[in-house]
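Shared between the two complexes below is subunit A, which has subunit B as its partner in the first and subunit C in the second.
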Partner chain A sequence: MILCRIIKAILSFFLVLSQCVLLTGCWDNKELNQLAIIVGAAIDKEKNNKIKLTVQVFLPQSQSGGQQSSSSKAQVEIKSAVGTNLADAASNLQREYSRRLFWGHCKTYIFGRSLSEKGNLGRQIDFIDRHPEPREESRLYVSDGKASDILQLSPSLEKYVGDVLRKMSEMHVGANITLKDFELMVTSEGGGALLPLIKIKHQNNDDRKMNVSPIIGGTAIFMRDKMIGRINEVESKGLLWVRNQNELPEITGYPKKGQTISLYLKRTKTNLIPKIEKGKWSVTIYISKEGMIVQNGSKINIMSKKNTKRVENYIEKDVSISIEKALKQVKDGMKVDPFGFATAFHRKYPKEWEKVKDHWEVVLPDIYVETKVKVHVLEPGLSTTTLE
Partner chain B sequence: MHDKGRITAYQMALMIYPTIYATAVLMVPAITGQYVGRDSWAAPILGSLNGFFTAYVLYKLHKMYPNESLIQYSKHIIGHFLSKILGLFYLFFFLYMCGFILKEYYFFVGISLLPKTPMIAIIGSTVIMASLAITGGVEVLGRASQLFIPIFILPIPIFTIMLLKDLDPKNVLPILEHGLLPLLQGSAAPQAWFSEVFLISMFLPFLKDPEKGLKWSFISVFAVMLSLVSLNLLTTFLFGEMTASYTFPVFKAVRFISLSDFFEHLEAGIITIWILGAYIKITVFYYALVLGTAQWLNLSDFKPIVLPFGILISLFAIWEFANLQEQFEFSKSIFPFYVPFMLTVLPTILLIIAKIRTRNTIKKKPPRISNY
Partner chain C sequence: MFRILKKRPQKQHPIEGMSNRNLPLSSELDKNLQILKSIYKGCIDVIYHPFLIAGKTKALLVYIDGLSDTEQIDSSVLAPLMSKTIDKSINLQETCENIQLSNIRVVKTYDDCIKNISNGNPILLMEHEEQGAALGLAKWDKRSIIEPESESVIRGPREGFVETLGVNISMLRRKIRSPNLKMIKMNIGSYSDTSIIIAYIEGIANQSLIDEVQNRLQKVEVDSVLESGYIEELIEDNVFSPFPQLLDTERPDVASANLLEGRVVILVDGTPFVLIAPVSFFSFFQAPDDYYQRYLISSVIRIMRLFFMLISVFLPSLYVAVSSFHQEMVPTTLLLSMASLRESVPFTALIEALIMEIVFEALREAGLRLPKQIGAAVSIVGALVIGQAAVQAGLVSPLMVIVVAITGIASFMVPRYSEGIALRLIRFPIMMLAGTMGLHGLVFGFIAIVIHLCKLRSFGVPYLSPIAPTIGREMKDAFIRSPWWMLNTRPHLTGRINKYRQAPNQQPKPKK
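The block that comes next holds the complex of A and B.
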């Protein structure tokens, strides 16, 4: 009896032990010192239908040791490889690394302009979507020139370029588009999409790599996954407002020549109301914005109730101008719909939409768009009068 | 009785919930999405009707033969010979389902967490754990689900809250754009999953409070319906029409969570939690298989056949589908007919025959109830 119990105890002990072997998951262990962590990727067009993948790999601090001054810059290393697609280029790149390339922390993907304009960007994005390591919330960008040039920059505040761009997007400088957002736009009814456009700004014509920073200068406009044009900062502002996204919070109105008045926006909301009357399609864009005056560079006494209305009108005008510029450029010029009009029509008029959905690009320029902006000044800021 | 254990109706409900839900949450959103797109939230509501119906049929059968499972009481209804053949069908079905569930979970874990781990390690470890629980009997299963299922349910509200800032409720509009037909097609897969509530048949004889059996089965089906509806709404709010283009939409949604730079990469957590649910699901089917076999063969004890069947279901899991696409295709086209036929249609036929027979013999004598 006792012997039986001892045997049982030993057996169960080994059974528990055998479970420990499974717990290690030793086929899939990934130690930090076996990984080369990618923190930014740029994809460019190459000859013969190939692409060039440039990655920034994070260098652990202990490696860059030595007696030199604590260089906070040299934390990333940039390498590139050519391949027929992203996965192929990545596997070619792997030949240059002793550690396995790891995509899980890459949250910035920059596409070169020539690649975007060639179309079929979706074929490259598929890798980011399908491979288990890249993240859905990574942000996509289009560079004005070669994408790999952007990665070469060494920004002053952040450790690497990817961080700069991501933080700018989160702060709503330019469009803030994640992989999921882009896919949603590309597969949406109208098929119009947008991505923030990155430019390089040289300070004081200085050609050194230091202090050269990437800026988000405008927006790249896509029809499905093909880039067909770009718009500048003012037009992007209008475009993003229509899409109910924020841009930078300050707006400036111009009461008279040389006079300015600026508002810091606290809240902004957009409603697209589509309407079909007697076969005529129209959209009314209702935009309401609330904010605080942060600079009064005009002769208007903003403390009076009557003048507040005037101030609001000046700023409303500025907002409408941005939006109209965007509409003119994108809707009438490029004949695409990144504004979301198609989706709005589809949601409200599913039957009518069914008839036009195959020739939306023909219908789009004829749609009458009315912009109704309502700006509401909440506070005058901390002073009541101006120095004048 | 093969199992001396007793469970409460509440514990049974906790076992049935993951039995339907644990794998429904993986594949069904994508399958329904392919038919109904942004109306996928409505499909589980239609599908759950089958769940309620199946639960009702099996409860009625249980009322007529309170101490037996379907494998046993079918002989009072259709005779000894036919009931053995029917029992064999069911046992093979359970065997097949065990393999199906194990393979589905292997594919899920293989894509998301352990790409290089061999199949036999993932499947084998689950089967070993499940067989340990089954050797303990039905009471252990009840307690295990009481322990695990709250942890399993909790993530749904938590992750919904974490995703709130990314949700756009307008994505569900326009509702039912293409009429009801796509919705009916889309609810084919959920209703197949809901018919798995059939497994209450194996557990009803063990209830301490059998009068609550139907109530708790209904609550369980309702809870699954609610969970599936809310998750389908969540993925639609987040991904819109893109939902159908992902293999595991709910998993994609969890990966999307990113709160202030440090609350991210939460998917490892949710995989661990989902494995708890899948574990209960496998255990329930495995238990039904083992207990059913013991009842079918009139064995005095089911424990000796637990491990041999463990090896058999591992083999079935390895054999069944060569790849996930194949399983996907199967779940879309054959599963919605095969499973409800076994789990809803056959019991309904049994119930009808039983009703007719008892009406004819009501004057003679009540059916003899044998106690194994």
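The block that comes next holds the complex of A and C.
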């Protein structure tokens, strides 16, 4: 009896288990060596309303037999295909590969400037958003030239370009915008958005070999999903500070001509206070920054409390200049609001906002913006003045 | 097809010579001798030694060669009885007074005689006496007490139980000198007639538990009990579970500690392994060292054990699931190197994992049974085969070797072999689930295990206590080992009758 029950139990267990395998199992099984892992993608405009998708595919090198691959650099292959949209181009690209294209590890998407300026970028981004494999945390970029050119570069430290860009963004070089951030900005009240802008920098080395590397040089400004302009590094800094984001932590102030003093920011905080008084709209930007002095290229004795106040003033001035430049370029010039003013007004004055939300771009340039910067030097360092 | 396997009527084979057994001894010595000889027919090791007490009364000494102390028989029994100083014919009572022994019992039936003879006590029978004397001269070669090999400790007593029941009892008695340490003796096995002792501490152990253990043991009807494993399977709560529901140990200190927590220890003659009931899942993660080393170290090590227990069950499955279903979960850099390493492997991750895990289990088993000298050779071959050759031949990826190695080491972190092997066993079905359904399968497997563990009981005590049911106080000895000055109460489920084991507030600190 018991033996019978044991055998019944074992048999039924394996029967159930085999059903797991035979009926349901493995339909979405994809072994690692059946995948072509995409590590970077670039999307450019083509003729006839088409787009060109360029991908960087990782080529795994067999390491059996105990042989080490000669270079530690990963082999990547770049291929491109044309299609009516991203999915179409991807499926055209699939024709060239024996393995299934895998988007799960593609964390950088670079859009060509011409495509971005054409507008309706959201229709392409929808693929990244809707397809189950690409990540919401993948980062978006706009290239100054053709996006596919960026992918062709072979970086020196990282294994592929996508990694370089992502790591720079994580370090807060330029704007750090993920797919999710971009979508939030586009769908926010003002509709103003931004993406980091990539340029290619040529640099001559000693051995006359051209060193080409991608740099984040400024920011592309979007109105909804259409790129309408770009700003340089200094203005980007101002823009990001208003958005309560960090750029590179060093700021340099200029006490006198030829003199410099640099602060390494440790903490920074921004508050936007909107105000409507007698029908006049204004915003006050409160920025407070704390940091330590890393270089004193001036004759100021920074050890005395009175002088650190002066240093703070110089740096506050520098910060204000950046912000004003950004405001002038973007708010007044492009009439776009990537700063988040619209959200601030909507939160504080929902009724008034309802009246202006359809013609925000008309209201925006007339808004008076006041910048109040407060810098605090925490650590002046151990020496008083420079060697002289 | 089940019909073939259905129960066939089982024939009970009666033991021959059974009919004579319960008869009382006869007053005729020759008749007694005849019956004993018929019972022990064909047993060439039984010695019948007829002699005359003081040259007058006929007497007979029956014993089994090798079980009794023959020197003592000669010097303490035969020498005084056969000396001519006794002048009149004497009865059994007076004879026993002449024997220089402290342990003499009177036997009245053949059954008593057989039991005593089998235990090594020589039987003295006399003419015209309806009873005989069993002389306590049992002595056989026994193993000396050595350190238990299966449960070695860094710090702690180095003695282990031996095969002899009497020695084992004495070891327990030396640890717990209180007369409250009680023992119930039973004999199980129609042929082996093995002595089994249920030890408990009166006033700590629950009476219903003792009754239950006794009940379950009384139901056991087997021909022999050669090891405690025979009865373990016959008295456990769930026979289909891979998890052990009784703790086996070779160490008297472990047995004593469990007695003091209100548990019952079952000692079986002929094996150094005693059984402890009831136990919980966490009992198998309590090494004896935990209580001898300082509590901080013990706690960290115990947490590590539990963590590695999870690794030993789930790591291969996780590797299979991630590398064949959820590639997006791995950090990109790791995925790229995984892809490179797996490039030349022809199998899917599941097959790869199964090959390696089965080979590892084979190597472990092979190394276990072999003599020590050959065992080393096997492990070298194994290391080369697993570590190097399989990778070079392109059978498996180096990453899989690492996974198998970590899993192997992790499974040996479980201090109890019986629990460790159960955990090693269940990782194979989970691996298959992970290989067919990815992480979902792994989670299903985990849920199934947890449900099973929640349902499991060991002599009525929930196996997962103190987490399910949650008993906050008991956590002091589950995931961590609290300092001794905090372990004031006995475990609730076994020692609730006598709750406090020591005085409170014993934390050493300066006087106020």
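Here is the rule we go by: the second predicted complex is superposed on the first by the 348 of 388 C-alpha atoms of A that agree within 3 Å, B and C clash if a C-alpha of one lies under 4 Å from a C-alpha of the other, contacts with A are read in each partner's own complex, and residues count from 1 in each chain.
By our rule, contacts are C-beta pairs under 8 Å (C-beta built on N, C-alpha and C of every residue); 3 or more make two chains touch, one makes a residue touch a chain.
Predicted model, so just to flag it, every value in this text is computed and none were measured.
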Subunit B versus subunit C as contact partner of A:Glu183, first or second or both or neither: first
Subunit B versus subunit C as contact partner of A:Arg347, first or second or both or neither: first
Which of subunit B and subunit C A:Asp28 touches, first, second, both or neither: both
Subunit B versus subunit C as contact partner of A:Arg123, first or second or both or neither: neither
Which superposed partner A:Gly104 touches (first subunit B, second subunit C, both, neither): both
Partner chain(s) touched by A:Arg135 [first = subunit B, second = subunit C, both, neither]: both
Partner chain in contact with A:Lys201 - subunit B first, subunit C second, else both or neither: neither
Which partner, subunit B or subunit C, touches more subunit A residues: C
Intersection of subunit A interface sets (partners subunit B, subunit C): 25, 28, 104, 135
Residue ranges of subunit A in contact with subunit C within the complex: 1-4, 6-9, 17, 20-21, 24-26, 28-33, 35, 37, 39, 58, 60-66, 69, 74, 102, 104-105, 107, 133, 135, 159, 163
For the subunit A and subunit B complex, residues of the former touching the latter: 19, 22, 25, 27-28, 104, 132, 135-137, 180, 183-184, 187-188, 346-348, 350
Footprint of subunit A on subunit C - complex, ascending: 2, 5-7, 239-240, 323-325, 327-328, 332-333, 335-336, 338-345, 348-349, 391-394, 398, 429, 432-433, 435-438, 441
Residue ranges of subunit B in contact with subunit A within the complex: 111-118, 121, 125, 128, 170, 173-174, 177, 238-242, 245, 252, 255-256, 258, 264-265
